[in-house]
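The structure appears below as structure tokens.
Order of writing sets the chain letters: A, B and C. Residues in each chain are counted from 1.
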Amino acid sequence: MSGYVEGILVLLAINVVFAYGAFLPIAAGQLNLGIAGFAAIGGYVSAFLSNNAAVPVPVAILVGGLAAAMVALAVAVPVLRTRGIYLALATFALGEIVRAAILNIELVGGAAGYPVVAFIRFPTIAAFAAGVAVVVWLLFATRFGIAITAVHDDERVADLMGLNVRAFQVAAFALGAGFAGIGGGLYAHHFSYVEAQYFGITLSISIVLFVLFGGTQSVLGPLLGATVFTLLPELLRGSAQWRYVFFASIVIVVMVLRPQGLVTGVQMPRLFRDHRERARTGRAA
Amino acid sequence: MLIYFQQIVNGLMLGSIYAMVAVALTLGMGILRFLNFSIPGLFMIGGMLTWALVRDAVPWPLAAGAALLMAAVASLVVELFTWRWMRKADEFVPLVSSMAFLILFENLAVAYWGSDLQSLPQLFAGADWRVAGLVISVPQVAGLILSIVLIAGLSLILRKTRLGRALRTIAEDADTALLLGIPIHRIVPSVFLISGIFAALSGVLFAVNYRQVHPFMGEALGLKGISAMVVGGMGNIWGAIAGGLIIGCAEVMSIDLFGADFVDISVYGLLLLILMVRPTGLFGAPAGARA
Amino acid sequence: MNSTLPILALENVSKRFGGLHVVDDLSFSLSGGTCSALIGPNGAGKTTVFNLVTGVYSIDTGRVLLDGNDISSMPSRQRIYHGIARNFQNIRLMAHLSALENVLVGQHCRNSGWRGVLQPVNLVPRNRWREEARAALADAGLAQYERAAVGGLPYGLQKRIELVRALMAKPRLLLLDEPAAGLNPRETEELRERLAVVGRERGISMLVVEHDMNFVGALCAHVIVLNFGRRIAEGTPDRIRDDPLVREAYLGVQAEPRTLQSHAS
């Protein structure tokens, strides 16, 4: 595989992981605009471990994800008391605080960034991406997925039906943060460098944009969003800026034409079709 | 002691810039319940276009005017794609589109001008007041006064004019406004226009006074405007001003007390605290832009 | 189950919003296994009573007793675990879930905890919970709509799905808020039959808010009439029909409450 193609696929895999990180809270009705901050936690923690503690890289990355999830868990309860736009802003503030805090930790390089010694290639990264995708798919094939969507659609009724709304929201938020942390760890160990500046609001916004663009009603959406975001600009061969211009323009247009995103329909594509009982009324548009 | 006052003065100057951005955001938030993430981008357009034109030997008042005009056009484009042509989907969608516009503006700026920090020449050489040992920059004071005048004017418009009444009705209940025959589709653009111009003017003032611009200045500064809006109270214009001044002072003091590294933590920490403890802000109104 | 205790009892329950007493010193009790109706003009406080019983609103004064146990301060989420289920005046199904998935939500209180949450209902084709939900839909004649997203279905179908969802919780007390509203006469009759069968076969107690007095008369043996948050009459449907206070409440002049049927046909 040529270096160029590998580079693209690596980016794709990392973006898929980030996408599922943003997808989970959105599926539960919350917007995590600080997702890049959790990616930063994962990146730095995993880099620190593999640099200093002779921890095998995959383990370090998982621990990084766990660290991000723990932080999310700690802040989720007070932060998730806010709602809607307030929540989006609170998560945004959180992300900026995490980034600013990391910039001040000299132990991991501060503003100069933190070099990472260990290096992982596409197969490892792809395995992680596949793992994350499979975990999300499986989760949404269980009552968890139905509960998350129920909480998203109608918190009051979900509560009356016996669902612990807060618990599901916190779980989605923390799990999503954990995936973002894994993505950060993958990034750190492939690009051999982490710097807090990269994990800012622009990254968070980009991730949220391609997740919403792909469609949040289905577990396939994030996959499609990440793919379009990563691959389409490659066809343009322009500079990085023009790719973002193009991507942003596409998102704007799609949001007008098809605000529910590209992939819609039922949440979980049926793995086992029972042809005798195909729904006649079909799927929603 | 004197240093303390000087810091307050500096904080107020910076704060007046945040206040304008906060007011721009508050208009959208209060009237349309819409957090317009493109506002930091319009702030940047105001600042960078002023720089670009001044660099090409355009006299700064003309440069500022052209920048404002460009921002006005941009804000109307934003309105089209985030509001007018929107069909109601998830409540996130207009917010998301406005974020996409921010990315669009920022990257267009990088594509045209590069991502470096750019400097403006000194436009008001030696125009400093020295009063009681304090140094007060005249252009900054002018900027502060201009901000206050404009915001007061806006407040008057909202309270006294037909347009203002229509806007306040829309803020209360858009459907009722429709029933009352208020031409929402003709009025909503004015909200975007006014907030866009406020944001861009703020950027112009920043460029002219602090003389440094770069494509991502909207993130560094415009997003603090969001903090200002929340701290002061969403939907309340005078609260937005108070919020802006508070954030400006907090920033300046925190640089002094803790060093520049902790500025962001202080400002966003304050934002987070307010959101969790008192989300309607210090002077907030839950609905409707109060004049 | 203690058959001498009423399944539901309200004792001097009051609820105020601002200065307005939406429910004012209300007391009544329902015997187990029966169907009672809660009627009254619009704004009488009927839906508020439902919201108080299910815990959506907190009670200002008084008590709500379930089987003699005070549940007044029980969190709303817990109440379905104690057997109280309801439907909603404006249908509130989860728009992004299919009909089957909405019904699966109804099962949640019987299948919660780690085991329940990770139950692979959408993965394993013969999962018993999924089969139970499918059977319930089939039983209600809705099998063909299993996979349909509920948002696009006609009103009458959505109402039926909502009922299946509520019944899936295997409640002991079912609160029905205008279950016949918007249904045509045939659908109304089918609903009445279904409720009668369900009540009989499963011993479910029901409290029904309705405007259709024929529906109420045929289904319920016990009627409570509210006006301005207060109980103004109580008894059998026939007795209520003749009660002058009731007539006055509805129209202010002599008129049969019977004529106040839903106009949706």
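Just so we're on the same page, a residue touches a chain if its C-beta (ideal position, glycine included) is under 8 Å from a C-beta of that chain, and two chains touch if they have at least 3 such contacts.
Only a predicted model underlies this, so the values are computations on that prediction, with no experimental measurement involved.
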Problem set entry | Chain whose Cα centroid lies at the greatest distance from that of chain B | C
Exercise. What chain sits nearest the middle when you go by CA atom centres?
Worked result: A
Problem set entry | Separation of chain A from chain B, taking each centre as the mean of its C-alpha atoms, in whole Å | 30
Exercise. Roughly how many whole angstrom separate the Cα centroids of chain A and chain C?
Worked result: 41
Exercise. For chain B and chain C, what's the span in angstrom between their mean Cα positions?
Worked result: 51
Exercise. Chain B: which residues touch two or more other chains?
Worked result: none
Exercise. So in the complex, which bits of chain A are touching chain C?
Worked result: 138, 140-147, 149-150, 152-154, 156-165, 217, 265-268, 270-272, 274, 277-284
For this session: Note which residues of chain C are touching chain A in the complex, please.
Result: 54-56, 76-81, 86, 88, 92, 94-98, 101, 104-106, 108-109, 111-112, 116-123, 125, 129, 143-149, 151-153, 165, 169
For this session: Note which residues of chain B are touching chain A in the complex, please.
Result: 29, 33, 35, 37, 81, 85-87, 89-93, 95-97, 99-104, 106-108, 110-111, 216, 219, 223, 226-227, 230, 261-265, 268-269, 271-272, 275-276, 279
Problem set entry | Residue numbers on chain A that touch chain B, as the complex places them | 26, 31, 78-79, 81-82, 84-86, 88-90, 92-94, 96-97, 99-101, 103-104, 200-202, 205-206, 208-209, 212, 216, 239, 241-242, 244-245, 247-249, 251-253, 255-256, 259-260
